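Chain lettering (A, B and C) follows the sequence in which the chains are written, and residue indices restart at 1 in each chain.
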Amino acid sequence: MSRAVAFLTRRKGGERWDWTDVFTFVWLGSAVFIMFGPALWLVLSSFKSPAQLSEFPPTLLPYEAQTVVVEGFDRPLPLFTVTDEAGTRTLAEVRRVGTVAQMVDPENPGEVERVNIANRTPVREVGFSWGNYLDPFLRFDFLTYTKNSIFVTGVATLITLLTNSMAAFALSKYEFRGRGFVVVLIIATLMIPLSVILVPLYSIVSGVGLINSLWGVILPTVATPTGVFLLRQYMLTIPDELLEAARMDHASEWQIYWRIVLPLTAPALAVLAIFSVVWRWNDFLWPLIVLSRQEVYTLQVGLNAYAGELNVQWHYLLAMTVITMIPVVLVFIFLQRFITAGIAGTGLK
Amino acid sequence: MTGVKGMLGAVVTAPLGALARVLDAPLRLWQRLTGQGGMVAFFLLPNMAIFTIFVLLPLVINVAYSMTTGAALFLPERTYVGAAQYERLLRCADYTNLATCQEDQFWIALRNTGTFVVLQVSLLIVAATITALILNRALRALSFWRAVFFFPVLLSPVVVGLIWRWILDRNGVLNAALVGMGMDPVNWLLERNYAFSAAIGVTIWAHLGFFALILLAGLQAIPRDLYEAAEMDGTKPARVFWRITLPLLMPNMLVVIVLALIRAVQVFDEAYVLTGGGPGTATLFLTQYIYEVGFASLLKNPGLAAAASILMGGVLILLTLLQLALGKRNERKGRLK
Amino acid sequence: MGRIQLHDIRKSFGAVDVLKGIDLTINEGELVVFVGPSGCGKSTLLRMIAGLDKPTSGRIEIDGVDVTPRSAADRGLAMVFQSYALYPHMTVRANMAFGLQNTKMPKPEIDARIAEAARMLEIEPLLERRPGQLSGGQRQRVAIGRAIVRRPTAFLLDEPLSNLDAELRVSMRAELSALHERLGATMIHVTHDQVEAMTMADRIVVLRAGKVEQVDTPLNLFNRPANLFVAGFIGAPGMNLWAGQARGGSVHLESGAHLPLPAGVAVPDGPLTFGIRPQHLRIEAGGPLRAEVRLVEALGPESVVHANLGEGGTLLAVLPGQPDLARGAVIELGYDAQAVHLFGADGQRVA
């Protein structure tokens, strides 16, 4: 961060502050706020109780009302700071009737005071509503959604890596009739998005009986032309002499694939793996169409369904949004350089 | 970084390696029986089978599908109607008044998408270019600043939609800020123009980093000595930008524009979660139209959805061809250099 | 073990004939060098023997067995590639073990063979390193080691020294020859460097445009080149070759000189090419060749003289010591009659 500040205060060449320096300063400064702010706000909000979420204007940090155990009362009583003619003091609420609350001094529980609620504010300190995170897993189906998302992401990525690398190997290291045609076909479909083939794809997936099955989500996504294309470009740079040496070394073609070519393609495979994980974790439209039963929902579909309910329970929804975000943020933090290099090099996303 | 790479590579290849060892003996036999041709077929088969069934076949079927009507799911059971679905999509009594169109929802979606594409792409490109130029100045802490802009790119569209729905809520933090500054709160997602702007703003927020990154790569590829030469000549900074930076950035810029167009035409996820197409039809875009006509509405008409998706596909193919052509041209230029 | 016979090997890529019928026998334990200008088909021929490419027609026999239909792995040969083709993701030891593991050889045997080869090549300290951490010369040794552990019937070496710097190349050349002595195995070595060919080979196969021009020992190639191509290709600097007419017992060069034919050589009158190596010319007052000095390259122990031989003809002479010759000086040169090479109009050797 200090380096960021150092950069911000760095000026272009000379002594004078150029307008471009000011502009850079403003642009980057607001970027930190606009880019990080929303996600940060989401995280902070996700720890607030329902009552706090409905407050306007909202507080920055999540707070919890303080309670106190008072002699003679079964349950803990909420604490308030009361300010009126009698001065400022801390009292616990016994019950509330209309605009008047019956309150006691925790030190002196025998005496009940009547206080106008306009004259008091709850005593709060920063506290996190962990229940927002626990309840959806315990009481709702979010555990199932999470498991489904992990299954789809993991299996789809593994199949993608295996089938794409095999095809890329055949298309980069063997001469055969029709090779050019297959390569052109793959490049041609690089940019065909799912949204163009939604309807017939649905009929096919339905025809093979995969509606409401996680496999129906996985299979249409794994034969990505992008993956084949990326891996093939990389494999073309592996010298053919290596393969010939392996052939002289009694290696079968299959061994050449997995003992020689695959390990040498590891960097490209890693890029594809990262992207595949992010893609499959984030997929929304296709799962939304294929999955119509709660028990097969992925997190994205589950979140959307939850957000679409008439009475949105924001405290749970926000917490689950954070959960959904976590894997991608982890990927981002640890593999950022990698991803940015991958994008800059291939225009892949 | 190589450590991470190596580790990742190992993690990725280890399970595949175990599988590979099991397969070795049967595949040796297969190779002996069918030779190299048989092995090529084996390598291609899984990917190409999935590709054919789930990408190629739907592409072909889609055309046939768009010429049928009825609620039946499978093509052979559907009734052939020729170009009727296209006619229904495109027919209007009076083309100056969308309400007179037979399929007015389609036209609304088309108009919304068109407006969205023009506004979103131009704003996005300008913002991405400025960002790339600024990041290109930054020699220090570049990876931090890159991360700032890139961070939302990997977030799922649903998450992006929900984050902003929460911020733009009537009782959300943005309105709190407005009230704090003494202004009136705004019903961001329930007023047509605000909702539409929100869809534009949020998609820019989500994708800015991606495009800035590609442009930054283009900027970094411009040789430093060109700038030094210009400095020696006493060229003014503005002139350097217009005469050196921009022309040399142009190939990347064109690719980025086409890519942004392709994405914008398909806009769906973020906007759908954010506004659900509303208020009314203010943010109904083409993909949502296809989704709803094909799957979600009570009056399902898959044939109509197929026809609409083919029209959209046509636009995308044109854009893709444009991109490939630009890519080819860049490649040629690169070789000449 | 290790006798390789080629019968009428032909190879075409489309309409292009790369090899035009090669017949050749390589004897057991021989070190044969294929040499020729680039594009002559020498590497293609080697790959054909290796089994990496299939001939369009013809037959390859190893120890009397027709191996033409066999795959590369089943021919019992080992190859050292120009780029070495070491597996970059494996250690040196794993590189050498890979081929043996593929034949399901027991591990102790593999270890023993690697240890032996590593000792022979002095690469024991490198066994756990990866190719990326080795110098060019070390990689070269590992590539040879990978071939040795296989105990092949023959070694095929495809320009193995071309990626080394000049100094290393000389020492590796000597080492390869020593290794051949020691292993006594058949080796086929492809190179475009005729010095490499001359210094290493038992026999040299000179190839041009898909055809064998001559097969013989290095000295025989030097002393009795079978045709104009070999005469010009072997030896540095190249042989002086002058077109002329044989008439009445002497050769009349186009540049005007009359050169008497050696005693006992009878050629019919008509066009021929007169050849003499630069090393076989000497300054001799009244000698048959008169030339005007254009350039003298003094190398110390000897001097290379470039001279004009009247009418556009040029002459190259390698003279011992440091003769005092100035540019423009006219010198007269002679030679021994038995050093003369004569080639007929068809380019073939006459005498």
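One rule holds for everything that comes next: a residue touches a chain if its C-beta (ideal position, glycine included) is under 8 Å from a C-beta of that chain, and two chains touch if they have at least 3 such contacts.
Molecules present, by chain and UniProt name: A = Carbohydrate ABC transporter permease; C = sn-glycerol-3-phosphate ABC transporter ATP-binding protein UgpC.
Here the structure is a predicted model, which is why all the values come from computation and not from measurement.
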Shared touching chains for subunit A and subunit C?
none
Pair of chains joined by the greatest number of C-beta pairs in contact
A-B
Rounded Å distance between subunit A and subunit C, as computed from the means of their C-alpha atoms:
66
Cα centroid separation, subunit A vs subunit B, in Å, comes to 18
Taking each chain's centre as the mean of its CA atoms, subunit B sits from subunit C at a distance in Å of 60
In subunit B, what residues contact two or more other chains?
none
Residues touching two or more other chains, restricted to subunit A: which are they?
252, 255, 263, 266
So which bits of subunit C are touching at least two other chains?
none
Which positions of subunit A touch subunit C when the two form their complex?
239, 241-242, 244-252, 255, 259-260, 263-264, 266
In their shared complex, at which residues does subunit A touch subunit B?
1, 3-4, 6-7, 10, 12, 20, 23-24, 27-28, 31-32, 34-36, 38-39, 41-42, 45, 54, 56-58, 158, 161-164, 166-167, 169-171, 174, 176, 182, 185-187, 189-193, 195-207, 219-220, 222-223, 225, 228, 252-255, 257-258, 262-263, 266-267, 269-270, 273-274, 278, 281-282, 284-285, 288-289, 300, 303-304, 307-308, 314, 317-318, 321, 324-325, 328-329, 331-332, 334-340, 343-345, 347, 349
Going by the contact rule set out above, which residues of subunit B touch subunit A in the complex?
1, 4-6, 8-10, 12-13, 15-17, 19-20, 23-24, 27-28, 31, 36-37, 39-40, 42-44, 46-48, 50-51, 53-59, 61-62, 65, 73-75, 130-131, 134, 137-138, 140-141, 143-159, 162-167, 171-173, 175-176, 179-180, 205, 209-210, 213-214, 216-217, 237, 255, 259, 262, 266, 268-269, 273, 276, 287, 290-291, 294-295, 302, 305-306, 309-310, 312-313, 316-317, 319-320, 323-324
Quick one: which bits of subunit C touch subunit A in the complex? Just the residue numbers, please.
50-52, 71-73, 77-79, 81-83, 85-89, 98-99, 102-103, 146, 150
